[in-house]
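In the two complexes that follow, chain A is the common piece, with chain B as its partner first and chain C second.
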Partner chain A sequence: MSTNTVASRMERARNGVGVSGGGSINPRKKKRISPRTWTLVAFAAPSLFLLVLLNLYPVIYAGIQSVRDGDLINPGNFVGLQNYTDVLTSRSFWNATRFTLIFTIVGVFGSWMVGLGLALLLRTKVPGGGFFKVLLLLPWVVPVVVSATSWNWLVATPQSPLPMLAQSLGMGNVLFLADPVLAQVTVCIFKVWVSFPFMMMMMSSALASVDINVYEAAKMDGATNWQAFTGITMPLISRSTYISWILMTIFCVNDFPTIFLLTGGGPVDATTSLVVLAYRTVFQNFQTGPGVAIAFIMTLVLVIVSVVLYRQIRKVNVE
Partner chain B sequence: MASQSNGAAFTRRGFIGVAGGVAAAGLLAACAPSGGGGGGGGGGDGEIKFWNMPWGSPAFNELDEQITLDYEPEEGLGDASYQVIQWANFTQTFASAIASNTGPAVSSGGGTQAFQFEAQDKIAYADDLLESWKGTGLYDDFLPGLIDTLKVEGGYAAVPYNLDMRVIWYNEELMEQAGATPPTDWPSYLEACEALKAINVYGYGTGAGAGAFTGTHALVSWMINNGGGLFNENQEPDCVTPANIEAMEFVLEMVAKGYVDPASATYTSANVESQWEARTFGMGYNGGGLANNIGGEVGPVLRVNSPLVAPSGDKGALFFPNSIMMYTNTPNQASSEAFLTYYYENMAPLWTEGTGIGLPPLKSITETPEFQADANNVKIIEEWQPIARTWAAPGGDALFFGVTTVDGTPAMDTFTQSILGGSTDATAALTRLQTAIEDALA
Partner chain C sequence: MSSVTVGHSLSTVSTTNRARKPDPASRGQWWRFGLILTITAIVLVPIASVVLLSLQPSLGSTTTADWTIENYATVFERTNVARWMANSLSVTLVTVLISVIVAAPAGYVLSRSRSKLVSGYSLVLFVVQSLPIVTAIIPLFILFAQLQLVDSLVGITIIYVGSTMSVAIWMMAAYYDSIPITLEEAAWMDGCSVFGSFTRVVLRNSLPGVLSTAIFSFLLAWNDYLVAVVFLRSNDNFTLQIGLQSFFQQNATNWGLVMTVAVLMMLPPVILFIFLNKHFSVGGIGGSLAGR
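== the complex of A and B ==
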């Protein structure tokens, strides 16, 4: 009996076998693993083993710590979800969540807007364009310890350059780090400054992939620059944009040094983000369980946000 | 084709074999007990691992290492090795090493580190060591009351190593320029601040930003100065007391009158020092080494003030008896004790050669000509050390595990920043602090 009927080809397709492919379509028949597959598995095994050892083991261990009342050395007793309950009912957690949200939204969209703007500007051929590109990458390349120290020098004391400038402009003694609201603003601006080069690179590569002929066609159809930007550029770079948003969201939520080095989370907890709170809970209050619980909650939220944005990317691809 | 096939097969098998070998070796290495003999604390062949912190300039650790490596143990006792542990993330460094039994046998560390690890049964008590020092005169060489600050219920958790004092400093030139005299009590402190303000200088120079704990220490110093403090005689937090409220109201008064730099709440230690250097700070609490740290033109005109008489009539201040501790993870406790005896008998050059370490714990070192040459240090030892109290004040002087909830903790940072920001009242701030400490201890 021939197997090359339309029905059988459909069946093959449903079973993942090419319509032109031969071979059995009986799903009950045990599939033999080829030597090639074994070889590939053998090649991957050491890496997988190390991955499990280095990534999964700490996560499992941390998960265990989050349901115990131990400290940095002793595992302590099992307390169920008590640590999670304590964390979710504490005011400091929600204050930190609020600031993390502000910090992330400003960090992601602020750096994206600056990065995209500069990427568009850098498409224009100007003398020394390469030099400017390197210069603009510096905030991303320079270690954040150095950047934070420089920013502290710029804003911390009344004799620092920016407070002096503000004073000379008649704004009085501006407390960039000591005023809770201004400290939040300063930290967010610092984050945008540190992060925009990454966005600039992502957007530059996305813009480079857009066919210039599309713009020329649009121009011939009478489209304005703004219409070309919103109707052509944005849709065509949307995939890269969503990916960069996902990455920057992860960077912002997990960003410890930017905040800790500049303000230490102060004044009066105004700039304490979730990751800073987790650090302080574990390493300054020595409360491992609640600290790890905060980290797990953060991870869960990050996964949800990433999945939502990733689905958006798939939607864009389908469209 | 045949050769290619053979080659490919050989490569695969070879690769898998090597990879498997490496993985197995790694696994075996990870599972193998660390160190020799009694675990990681021993190092090789019963060696004592001594971990010390950068207590001064780079010259400190160079000299300290030399002293350590010059140790020649008696027959049957272990040698000593030396490791500098940086302050950055030192808590994690010690905790992870001790948890995995790869930590030191002897170390210095954070001010409350011994109590933290004592509570986890990782500390070898120093009772026998101190007892042995009674016969050699070393025990009596410690400054009065110092050893007992490290006594906990189970025994002596550590041995005093260097003293980190919080004292009032003033810039002599600025005080003269302002026509102010060194204060003797709280009202005269306010008068000096008023005079300094007239020449645009802050009379209460402090900082409580990222990693700067001096601001907190200064607030607790005011409390202790007034007969208050954070813990009662039962070692329970007792923050909302009349003495503490009066002290914090005094600081809030200074904030309100503009004697405190409004940006102080977020000043790092470097910012604070830069303000002293810029002659913006004319007076304030700081560590005993401020003048040496500032150096330049300003360092030589900085003077240690005498302790103030508080409204209560008391004269207390806060200090930290930094210590050296021994761990249960040692190849041999006798080796740990023999090394520490050698170290304390030979550590004087760390102070006499000006390496920048805090004040010495031994009277014999404070009596050396080199130490006596620094008038500020002499004043601190003569006037401040006798009246200084620990975190345990006013209930006692012996430190305990509970003080880890106030030493560099977020609760204390928040408290200090709220006071220096002037955005609270004393009772409310102290009540919040009380609650935070109670929660941390629960």
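== the complex of A and C ==
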């Protein structure tokens, strides 16, 4: 027991600042801290260490780097808010913001609707339902590099299968990835294709908690299917729906490979999201300051949004 | 808290529901079957094309057969694919191992302890999860350059472990929530320490939770592109992601060979998922997120 305590004490000393942030474990306030508390601190310590090193430190560093004019090797000089004003007044930043919003809204609601629809279908008795369920999860399981390669084969050139199909249906020459608007639509559909299985899983487990007998009762009272859906199903799965929207919003805003591997951000930056823009600014144009500033603005917005949403989830939970 | 167990009981619910008897609703059943069959077929077109293309003779092939596995021999001969695969596998397996070892005790804290500090910890996890990886990558690149960890598999493994952390902890916590605390209380009565009850009682009953976390970490590490593309430079250190990408750029028109590498790449996660999907539940994330 004693060695355990010593070990955890050392752990805590090493990570002391991170752990005692809230200050409720205060050695002077309470006379003795129980062995249980020490064990729990030791349990959390390695994860805290990793979180500080791999998440907190980089964000702080990025914040510092965003007010300097350095590159990947030199830290550079302090330039104040120059990078931020450069970024916020540039056209490419606002274009990227616009596309990020479109991509996120379509990604979240598109995949939610498809996922919920399939979850509802699969909840009922269907021959081979379990088999379909596994098959439908594949787009989410297959690496994006693979599916992007495959989508490229399907749509990229005029000789690809889908443009050929469109042509034979009399729609003319459809350039899925060369026309700016069509490229945006294609990327959004690709994102929905990749993400709907996640929504399907979330919604399936939410639906499984809804008691089937409630529907029988509602039918007796003469409710239509649609009324049963809006009146019973939706309220009962609202919390899971809300959580899944929040998670998917985060996934979409932070998504890099889905966009980058299909279009590389083009044509003419039409599908450049904020993450892609930050990546290109740093690793292709080698402008670390502005690139980090873009990422930092995104981070700031996401942190504020996620703290607000986190509070909101907990409120929904209490009700 | 009820939603936490839902994911795990899901499979049993659906099997008991599926009594195979032709009932009055069976016509609707076949209608739905047709609908799902159609949707599944459309959804799987991109994946099926990868497999089919890999089995057809590629550019410059001398076979006259319609179907061949020649591409598979060719890619192993002509590319570094065996090396890339070994790299991907070792990076992924080490990531899975470390994230489970770190997340299992951390999730226990989140599940069993109620204090301001733990709420703060939970909030930190949530915020960390929402940070764009691209922000973290630039500073980590600079730091790792000093530590000689750029273009190293160790370097990307460390980053993968960091990025699995918060979801892995939630998943473990969600599973622990479904284990009644009375089991531990009994162990404590017998003089067992918290650490003892954790390893002997809780962990022993948490195999599904561990599996779920392991599958999640596996998918994240195996499927990552951004970290690998920034950090890996030399061909011998490529993971399959970057290997496939570079091969695609050099042989863009030779679809047969490109798709063969793609099949090799999607095989491990697909096989893993087909065998273990019963144990995988994301529903728990929501419950664990909202429960605190």
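To be clear about the criterion, the second predicted complex is superposed on the first by the 261 of 319 C-alpha atoms of A that agree within 3 Å, B and C clash if a C-alpha of one lies under 4 Å from a C-alpha of the other, contacts with A are read in each partner's own complex, and residues count from 1 in each chain.
Going forward, a residue touches a chain if its C-beta (ideal position, glycine included) is under 8 Å from a C-beta of that chain, and two chains touch if they have at least 3 such contacts.
What you are looking at is a predicted structure, and each value in this text was computed from that prediction instead of being measured.
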- request: Mind telling me which of the two, chain B or chain C, contacts the most residues of chain A?
  value: C
- prompt: What is the contact status of A:Thr230 with respect to chain B (first) and chain C (second): first, second, both, or neither?
  reply: neither
- request: Considering only touches as defined above, state whether A:Asn77 meets chain B (first), chain C (second), both or neither.
  value: neither
- prompt: What is the contact status of A:Thr85 with respect to chain B (first) and chain C (second): first, second, both, or neither?
  reply: neither
Message: Taking the superposition on A as described, I'd like to know which of chain B and chain C A:Gly265 touches: first, second, both or neither.
response: first
Query: Touching A:Ala178, do we find chain B (first), chain C (second), both, or neither?
result: first
Field: Touched partner set for A:Gln167, first chain B, second chain C, both or neither
entry: neither
Message: For A:Asn55, using the defined touch cut-off, is the partner it touches chain B, chain C, both, or neither? Pick first, second, both or neither.
response: second
Task: Determine, under the contact definition given at the top, whether A:Gly130 touches first (chain B), second (chain C), both, or neither.
output: second
- prompt: Intersection of chain A residues contacting chain B with those contacting chain C?
  reply: 39, 42-43, 46, 50, 72-73, 260-261, 283
- prompt: Which of the residues in chain C end up touching chain A in this complex?
  reply: 2-3, 6-7, 9-10, 13-15, 17-18, 25, 28-30, 32-33, 35-37, 39-40, 43-47, 49-50, 53, 102-103, 105-106, 108-109, 112-113, 115-117, 120-121, 123-143, 145, 158-159, 161-163, 165-166, 169, 193-195, 198, 219, 222-223, 225-226, 230, 240-241, 244-245, 248, 255, 258-259, 262, 265-266, 269-270, 273-274, 277, 281-286, 289-292
Partner chain A, residues of chain B touching it in the complex: 12, 15-16, 19-20, 22-23, 89, 91-92, 95-96, 98-99, 116-117, 120, 122, 208-211, 261-268, 270-271, 274-275, 278, 280, 404-405, 408-411, 413-414, 417-418, 421, 423, 440
- request: Flag every residue of chain A that touches chain C in the complex, lowest number first.
  value: 1, 4, 19-22, 24-25, 35-36, 39-40, 42-44, 46-48, 50-51, 53-59, 61-62, 65, 72-73, 118, 121-122, 124-130, 132, 134-139, 141-147, 149-151, 153-154, 161, 193, 198, 201-202, 204-206, 208-209, 239-240, 243-244, 247, 250, 253-254, 256-257, 260-261, 275, 278-279, 282-283, 288, 291-292, 295-296, 298-299, 302-303, 305-307, 310, 313-314, 316-317
- prompt: Once bound in the complex, which stretches of chain A touch chain B?
  reply: 39, 42-43, 45-46, 49-50, 71-74, 152, 156-159, 173, 175, 177-178, 183, 260-269, 272, 280, 283-287
